[in-house]
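Paired with chain B in one complex and with chain C in the other, chain A is shared by the two complexes that follow.
For the complex of A and B:
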């Protein structure tokens, strides 16, 4: 019994990480129908911002060698500010890599490439400034909380439970906002047809910026939390999550917020239930499930089939 | 021209001629280095670059002058191939690198076919020197290094019976090191209770950790690189594992400290570099390394190995130069002949390096005398740590 609970908790907490990452991805896709490949780089930046804001010092390599902010914020405040800084970067990416192409009516595939370019530039900029060292948010950041707790006979790290909780809260908040608020409805209208929405008086450009800003904020928060959980393994650590997040996005249904969370949890659980002897092949199992689901339901688990306009 | 000016010019010319006759003409050769400066293995590359730059400063004023040409291999085989191609086209006299054995198997044959001596800095997987005649390395093979830390762990904890192993299966060095660890574990009659395969790009290990801990191991042995290995150690400790941990050579760098923080304490790692060694090369390395760092800062092993690789090439070229006929230069030698002579001189020599006295087998395998096992000791706040050599 304890083993089953352990596997379940392992799967849910891993899935929560993927879901957190995929939420930002899906938000931009829902509006622009374009995958923001630079999302992984913004996620990485969120982790570095959090590290610096809690008083972390840059290592010996990189142009900012030895740099440290003159203050150290509590983790939760630093996390929110890092999210805001990541949102600013996401807005910059929208301005530089997406808007010019959108204004020219370019093929969405081109935006995928400019986004990839922006991501590569960001990652290399991080390495230039702070080096390739790994950084870790101190284990004391969650002052007062134990490193791990026992739950129904299973051992689980406190930070994993936090990730699960934050993913759940963000899912509810995002769903309420998109479904219930005026601006959320405006966002859905833009997602449906930006030109028609504009004709109806909805500022499409502004709504796209809101989607990017929110997506950046979410990825910044996710980066900080994942950085707390597993450390910041160098400037490239967001890339692996980016690939996995893409799988989660497709599995859940492109552009679906609840789908992103469901997809994340399914992939997390699938990885957890891979037998120990085959632990190195977890990705094969996860992507195998993705493949099978797409064969049966190409729009993903919670994705919608859009009617063809004639 | 006035008489006084003519006399001055004649004296100047005579002086210049005499100076030229009294010593060998100067040489400047290009020495290539291809290391991982980006990607997952860039921590190793950064450490190596530090060692190479210190060596370049140290040997900079000595003949023959070597101009270091640094290329980034990334952390994959494709980027390493491009880096080696650029260096081969740049007509370097030798190549130092690459950072990973996995890359070594892909690119060292290129240098071998081009007849360029290539000296591995941190490539410790079995089979590297056997790649070709021009291939050698200063990093002792994992077959020599790995069993020492395991033996030390058992010596310190004689009641160890059950062992769990983790290794990054997508890295050839980690895989080969782990198979050596696993053989040694079985050879000692220990019970190998769990083998968990991970990836060098993994960050979240709580699933394999839970799987391994269910088997109640007394000892855990890890073959991974700094980032993934450091994370794994941290998560092992946070999920309740309190026993000893043996870490492989891929984690042999102070760069793991920021990752596993206080949880790094107690890790056992075999050391090919002993900072307490007393010889001029190590003194130079320590002195330069500590500039801008604390006065007791210790270079990572890979930094010492990179310095050593540069040193053996420089000393070998200096020996060739010393045997040249008066007035001739290394640059004037045919490229192929110079490289072949460099290879034979390098393999025949004995060197006093930061790694201690080293020499090579005819196949290019390094023979190093001294190794030790270090235990990582962390400061109370978990922010800094030291590799303390065990007796």
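For the complex of A and C:
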């Protein structure tokens, strides 16, 4: 029983992380119908920002070797600020890699390539500045909280519960905003048809910026939390999560917020229940599920089938 | 600055670009190329290191064995792609892209975990059919020429026209009586065969092979060859593959900045040249010159309509 609860919580917290990641993709996909490959790099940046803001020192290999901020913020403040910084970077990416193409009405495929370029630049910039070594955000950053607690006989890391909690809060807030508020409705209108929305007086460009900013914020926060939960395994560590997040997104249904969460939880749980001696095949399970769902239900679990326009 | 080894890498880049280009010519964004590339490479690595009968009596690995490996790789990739393509080509747009990425990842992780396929360590000491790197250049160049010729033939005949029609509007193409399913499948299988052939050459050229050679990064990099070079005709992916493979090496003198500059090139390229280096306008100009140079020999391709 305790083992099952343990696995369940492992799976849920991994799933929550994937879901946070996929939410960022979904926001951008729903308004622009393009996939932002640079998302993984923004996630990585969020982790590094958090590390620096809590007072972490840069290692010996980068240009900034030995650099340390003169102050050390508490983890929560650092996480939010890192999220905001990541949002700023996401806005910059929108400005440089997406807006020029959109204004020209170019093939959406091109945005895939330009955002790949932006991602390559970001990842290598990180490597140049802080080196390729891995960093760990010490769990002591969560001053006052115990490292692990007992729940139903299972030993649970506090970090996992935090991941789950933060993901749940952000998810509910996001759903309420999109479904309930005026600006959320505007976002949905832009997603439906940007030109018509513009004609009806909705500032499409502004809504797209909001989607990018939010997406950056979410992935920055996810990066900081994963940095705390696992560690920052070098500048490339966001790429693997990025790919998994993309799979989660498609599994749940492109552009669907509850779908992103459901997809994240399914993949997270499936991975947690892969037996330890087959752990190398964990990714095969995740992508196998994705592949099967795509073939049986191409629009994803909670996606909408759009009528073909002729 | 460009030595024989880099030249071979560039030609391999061009071939991978062609492999991505074929499905893209009928509007199908398939990122499965690195998967089939990995199948070809693993097959060549296994056969040449484990089957002693292929080794021959000479010091160098016989070229005929390489050709045999290529034939087997082409067959294996072709059969697999026919089966997989029949299923995944029902998916459209970005869903097809994701399904093929999932496929590449499944292949990669399985290879990584199977000791018999090289596992995480990979396969080392793959024998060399050529004594000097120049042999690889010549061999790869011949393959590039053959595939380019094939693509050129395809583009000028019924199949290529059907592919372009599907790219422009699949529904309209189907209404014209084009068998869209079959055309897409042919493009997908051809792409897989080309990728498998390149894998065989790469395995010998690189001397060692591991599962990491066919990953997600490779999917996106090879796609950037096509987008950068242009996806209208076979010359685009060839040029894109040559340039983008050479660029990180040519930028080596600027040291740590080189990958940042490479990223900037990929970022700015599509903004400045949305249709790639070999754009339809450029093709029109070139065809004009060609016709003035060879009057009387009308080029049927000039009548081919493109997207307005």
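Definition applied: the second predicted complex is superposed on the first by the 309 of 310 C-alpha atoms of A that agree within 3 Å, B and C clash if a C-alpha of one lies under 4 Å from a C-alpha of the other, contacts with A are read in each partner's own complex, and residues count from 1 in each chain.
Heads up, the rule we're going with is that a residue touches a chain if its C-beta (ideal position, glycine included) is under 8 Å from a C-beta of that chain, and two chains touch if they have at least 3 such contacts.
This structure is a prediction, so every number in the text was calculated from the model and none was measured.
A.B. asks: Taking the superposition as given, does A:254 touch the first partner, chain B, the second, chain C, both, or neither?
C.D. replies: Only chain C is touched by A:254; chain B is not.
A.B. asks: Under the stated touch criterion, which partner chain does A:13 make contact with: chain B (first), chain C (second), both, or neither?
C.D. replies: first
A.B. asks: For A:272, using the defined touch cut-off, is the partner it touches chain B, chain C, both, or neither? Pick first, second, both or neither.
C.D. replies: A:272 sits against chain B, while chain C stays out of touch.
A.B. asks: For A:280, is the partner it touches chain B (first), chain C (second), both, or none of the two (neither)?
C.D. replies: So A:280 meets both chain B and chain C here.
A.B. asks: Let me test your reading of the model: by the given contact rule, A:205 touches which partner, first (chain B), second (chain C), both or neither?
C.D. replies: Neither partner.
A.B. asks: Touching A:121, do we find chain B (first), chain C (second), both, or neither?
C.D. replies: Once the two structures are laid over each other on A, A:121 reaches chain C alone.
A.B. asks: According to the stated criteria, A:184 is in contact with first (chain B), second (chain C), both, or neither; which is it?
C.D. replies: In the superposed model, A:184 contacts neither chain B nor chain C.
A.B. asks: Just which bits of chain A does chain B share with chain C as contact spots?
C.D. replies: Of chain A, residues 124, 127, 239, 280-281, 283 contact chain B in one complex and chain C in the other.
A.B. asks: Spell out the residues on chain A that touch chain C in their complex, using ranges where they run on.
C.D. replies: So the residues of chain A in touch with chain C come to 35, 37, 96-97, 100-101, 104, 106-107, 109-110, 112-114, 116-122, 124-125, 127-128, 239, 243, 246-247, 250, 254, 280-281, 283-284, 287-288, 290-291, 294-295, 298, 308, 310.
A.B. asks: For chain B, which residues count as touching chain A in their complex?
C.D. replies: Residues 37-40, 42-43, 45-46, 169-170, 194-199, 201-208, 210-214, 226-228, 230-231, 234-235, 237-240, 255-256, 258-263, 293, 382-383 of chain B touch chain A in their complex.
A.B. asks: Could you pull out which chain C residues touch chain A in their complex?
C.D. replies: 29, 87-88, 90-92, 94-95, 98-99, 101-103, 105-106, 109-110, 112-113, 171, 216-217, 220, 223-224, 227-228, 256-257, 259-260, 262-271, 274
A.B. asks: Quick one: in the complex, what on chain A touches chain B?
C.D. replies: Answer in residue numbers: 3, 6-7, 10-11, 13-14, 17, 59-61, 124, 127, 131-136, 138-140, 147-148, 154-157, 160, 226, 229-231, 233-234, 236-237, 239-240, 271-272, 274, 276-277, 279-283.
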